[in-house]
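Notes for the one structure printed next.
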Amino acid sequence: MFEQILMALINGILLGGVLALLAFGLNLIFGVVKIIHMAYGQFVMLGFYFIYTFHTSWHIPLLLAMALGIAAMGLIGILTQLLVINPLLNAPRLNQLLALASLIIVVENLAQVIWGADYRGIPLSMPIIQFGEIFIRSSFLIAFIGAIVTLWFLYLFLNRTYLGLGIRAVAQDLEMAKGMGINPKVIYYITLMTGGALSGLVAAFFVPIYTVHPHFGASFTLMAFVIVVFGGMGNLMGGFISAFIIGIVTSVTAVLSSKEVADIVALLMFIGMMMVRPEGLLGTES
Amino acid sequence: MLNVHDINVFYDEFQALESVTVKIEKGQTVIVVGPNGAGKSTLLRTIAGLQKPRRGSIEFEGHRIDRMEAHQIVEGGISLVPEGGRVFPHLTVMDNLKVGSYNKGARPIAKQRLPQIFQLFPVLADRRNQRAGSLSGGERQMLAIARSLMAQPRLIMLDEPSLGLAPLVVNMVFEFIKSMKQEGYTVLLVEQNANKALKVADYAYLIESGKMVFEGKSEDFDKNPYIKTAYLGL
Amino acid sequence: MQAINKYGFYGQIILLVVLVMLPFIITSSYLNHIMTLILLWSFVATAWAYMARFGMVSLGHGIFLGIGAYFPTMMFNYWSFTPWIGIWVGVAIAVATAAVLGYACFRFGLLGDYFALVTLAVAEVSALTIMAFRETTGGSLGYTLRATGKISDMQFSDKRVYYFIALILLIGAVYIWRRIDRSPIRLALTAIEESEIAAASLGVSVIRYKMMITLLSAGLTALGGALYAQYVTYVSPDTIAGVGVSLSVCFKAILGGMFTVLGPFVGSTIIVALEEYVRISMGASFLGLSQIIFGISLLIMIIFLPKGIMGSMSLAISRKLNRID
Amino acid sequence: MMKKCLVTVIALGLCVGSVFGTALAQDKEFKLGVLFSMTGAFAPAGGLAGYQGTMVAVDMINARGGIAGQYKVVPVIADAQSNPDTSIREGQRLMTVENVPVVLGVFSSAIAVPLAPMAEQYKKIFWVIIAISDKVVQDRHLNYTFRVQPTGSQWGQSTVTMFNENLEKFGIKSASEVRVAVIYEDGPYGSSVAAANKEKVKEFGMNLVMEEAYSHKTNDLSSLIFKLKSAKPDVILHTGYFPDVVLFFRQARELGLKTKAIAGHGAGHANMPKLAEAAGGELMNYCFNVDPAPAQLLDRSKLAPGNGDVVGEFLKRYEEKFKDNNPPTHATQGFGHTWILLNDVLPLALEKYGDLSPDSIRKAALDIEIPDGGTPCGYGVKFAPPEHALSGQNLRSYPVVAQSVGGKLSIAWPGALQTAQPVIPLPADSPYGIK
């Protein structure tokens, strides 16, 4: 039993890395554009398909295919801003949310039209890392390292560039940011592009873990939300920490009971946090 | 330099400004006084492009700006110091100043500008790595002014800079406004504190319920009996 | 304004007559089925809008639908407990759940986005709970009601009975809406929506009024879910609990216009009819295309009719009338 | 208000119009309702493949001049969208508005279960050709529902029986020494198979060390694998759809799961080539799977004369139409089970009862007897009569246990059809083999 829990603990930390990656893009979009991007999981699915197509059909080396996939998702992010979010910038929040929810229907079925209903995967044999009886999943370990590196790059981007500064300013006070000469539309495009590219990055890390199909994304969005809001909307560090909390809690609970109960526990933690501290773990009251 | 001509501004169905006209010459300090809710802030917001007029025109240095976006107007050389020293509370003092220099014209010289600003506001230099939210009201007002100076404006607009500040700090602020005039800035100042504001102004407007009811040199204001009793408390 | 009311009154009478006659004119059981679904979802969407129009946007009504649908169904299958009573047990449990959830949310002052997000999480919890108790609930692929065909088990040989039950419920929901409009609850809730603190300082019991409307909305939603289950005789976490169905209820109410009493009905009619129409007309000629068109239609409607169909229409009509006056 | 009424009427009108517009039929046509999940979660799991197989059968019958050379088959296609709610609407539409005598198809048991009573109500034939859960027919005494393929319990029983017959390969003598774990997706399909697994395990006195269900939509199975690791089973009996199966294989490898045999039960495990393509071939190596044999694996010489050619033509047409030379078993089921209806049952109804009404078809279906090897699926046909506990079930169908070794499938059970001895335990070159 002890060994099981220990393994679950390690697993949870690694899972936290994957979840943290998932949450970054969402967090950015949430914090800056103030839009709940319901179709984020579907974007990850699209990114996965892009990488699959570049690698399998066009025979581009995998790492290059991943880079291209990330770029393509950045483009999709820009298109989303142009076609869906721009016309809704001044609409009620609920309408924005539902518009992105209807985007789910469009994207999932578009994927089916383009790639068909089949499951697609890139067979990758990841090395097995073993310490005695403890196995560490290399696919998750890579994602874990990826999450930390991505966080570092995002931190640099947001804190060392004018564009990053603009993003943070718009996130805090849209009107004042405009008054400072920041064009919010440009910031929104950049944010959606970055968010899209991050979804492509998640897809790249998912390649050794999953197979993709048109309904692949649905199961990821809600957990990503829970992490973002739990950690404090728009607070990247908060999201990062909460990803690990949620990862460990779900992983250990799943071993003790079942996956569903683990998810329920995570959601109840989230609900509890909202009641007691709606601004989230590291969020600041506005 | 700035020519606001006959503008009407609405918030939904509510009319905030009616047929307002304001002129500012280069190098002047112009004030707009009036009671709370008269439309003073709306006037500044409209010039800054945060609000669109339904009628009328705004020209700055010969160019129509009333259809421009706010960020283009900043690039054009107009900078707004918002009411209550509205700074970005979660950014550091340093980052707040950097945001000020966000527009393309200001970015290249931001590095040289910073020491000058710190010289003007030594307190900001001390607190440069502190979150702006942790500053006192006066310091925030300083930061807001400093931030708009970073934008390399030719016209600087201040919205109630003395609001809610201790008397001593208020004096400092007005001293500073005076010095800006000497540095060659054109200033548009909106104030409830008409007494002090008139002392630094070249020309003044009185706005009531969205309409300009009186305009003239500062001396004219001092002489007007209605203004004397209603606004100057004499 | 009077002109609108007059038109509205006659329009509603005509609408009611049409709705009562419809199942006798159209005998296709498929179309009757669609019409019954429209009425059931209209009822649920109307109940949802009770809360939403006062700023309490719940994305978690799936939990009430699920409770209403699963409890009577399971009680009937396991204990042969008649749904005639079982439904009310389901409604009671849903109301109790709403009381706990609502009190927690309102006590802690959850508003706007936070309220929406918490309720969204609640919807997911409801679907996960059904899956976690898969031994009794049938898990993720659903659960079928035992067929007996007895009226005492709420199973009718003529399925149109459910059409009329749904119609009566919808009329009831519209009537309650009107009653709320004429009662002090409306004023209180409007004041609360404007400013919770101001309302509280005027002596309005914020939590009490919010709770009243929440319990009402949850109870009626559960009733709708219960009838849906009895009618379709099949329940699954995807069709009657969880995030998807919660959002689809919002869709219907918002597209129709959640601030007008007939908005949810119009929205449900259009969404269900559109869904059937695109699916049947496209058929299998181009797989997935019908869904894409359905999704894009929703997107376009949300973008161009932000106040919903009824909302935008009444706005247009009142503008026109004002011009004539 | 008037406008609103108008909108409603138009919306409904469009709906009605489109329905009746397509409903105009001509003489000497046979309308066949085809209902599959061609989009949504079940589409990739086999819904789409089943549909494609069915369409090949329809094309082939029409190329031969139609049913009994007289009636052209006109398929009326509906998409169940992997959603029981939608499929109930579509089933109702096909049976009442389109008024087809036969609705054929359905991949998921979750859809077949609620549709069967509906067919009973409208007195239309419901020809189930992929869904395998026992619950579709068991104890329901349905008159109008027929199912050609074996039941889920047959799936579940066959693997356990095979392992019981090969105990010596585990190096043990008594069944009670075998440690068995049963894991399954929690729908009617998975639970049907798992129930039969457990029943047989108990019957043979094997040691059931673990059982657990999960949602087929899950995105993480690591906790299940941790539990498996501590249960240390010799045999893992797995029933799942596709993504969860791939996830299981990949995660089990990375988490160092070791066992002696892994057996899948159709659906996700059915499509070995695709599994190998998506997850890597070595993961699937030596795995067992239960299913009716896919067409390309059938020993055509054992089929009744002429049937071999039908199978050959199916494979050729399938490749031409869908660019796939290795159709999954669901395509074979879709084809074969449709073929039995169009080529055997309907002509008999016409010949013996004079028309193609649902009642004539029903009588013909109950009359029909095809011996083993008489259909393109390999097995024969004899439907259980209404008084039977499994009324409407084809009592002559059976699945086989196949093993994939180095990408080649061979039949390991039943003994009569065996093409190779099963390889047990997993050799050291399997990622799950004990070294």
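As written, the chains take the letters A, B, C and D, and residue 1 is the first residue of each chain.
Here, a residue touches a chain if its C-beta (ideal position, glycine included) is under 8 Å from a C-beta of that chain, and two chains touch if they have at least 3 such contacts.
Remember, it's a predicted structure, so these values are computed and weren't measured experimentally.
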Shortest chain-hopping distance from chain B out to chain C: 2
Chain located farthest away, centre of chain D as origin (C-alpha): B
Geometric centre: closest chain by C-alpha means: A
Chain A and chain D, separation of their C-alpha mean positions in angstrom: 36
Gap in Å, rounded to a whole number, between the CA centres of chain B and chain A: 42
Between chain A and chain C, centroid-to-centroid distance (C-alpha), Å: 31
Residues within chain C bordering two or more other chains: 131, 287-288, 291
Residue numbers of chain D (touch at least two other chains): 38-39, 43, 48, 215, 217
Of all residues in chain A, the ones touching two or more other chains: 109, 112, 117, 214, 258, 260
Chain pairs that touch, as defined at the top of this document: A-B, A-C, A-D, C-D
Partner chain A, residues of chain C touching it in the complex: 52, 57, 59, 104-105, 108, 110, 112-114, 116-118, 120-122, 124-125, 128-129, 131-132, 243, 247, 250-251, 254, 286-289, 291-292, 294-296, 298-299, 302-303, 306
Chain B partner contacts - residues on chain A that touch it in the complex: 162, 165-166, 168-169, 172-173, 175-184, 284
Residue ranges of chain A in contact with chain C within the complex: 36, 84, 87-88, 91-95, 97-99, 101-106, 108-110, 112-113, 117, 214, 222, 225-226, 229, 258, 260-261, 263-264, 267-268, 270-271, 274-276, 278
Chain D-facing residues of chain A, complex: 1, 3-4, 7-8, 11, 15, 109, 112, 116-121, 123-126, 128, 130, 135, 137-140, 208-211, 213-216, 218-220, 251, 254-255, 258-260, 262
Interfacial residue positions of chain B with respect to chain A in the complex: 48-50, 69-72, 74-75, 80, 82, 86-91, 95, 98-100, 102-103, 106-107, 147, 151
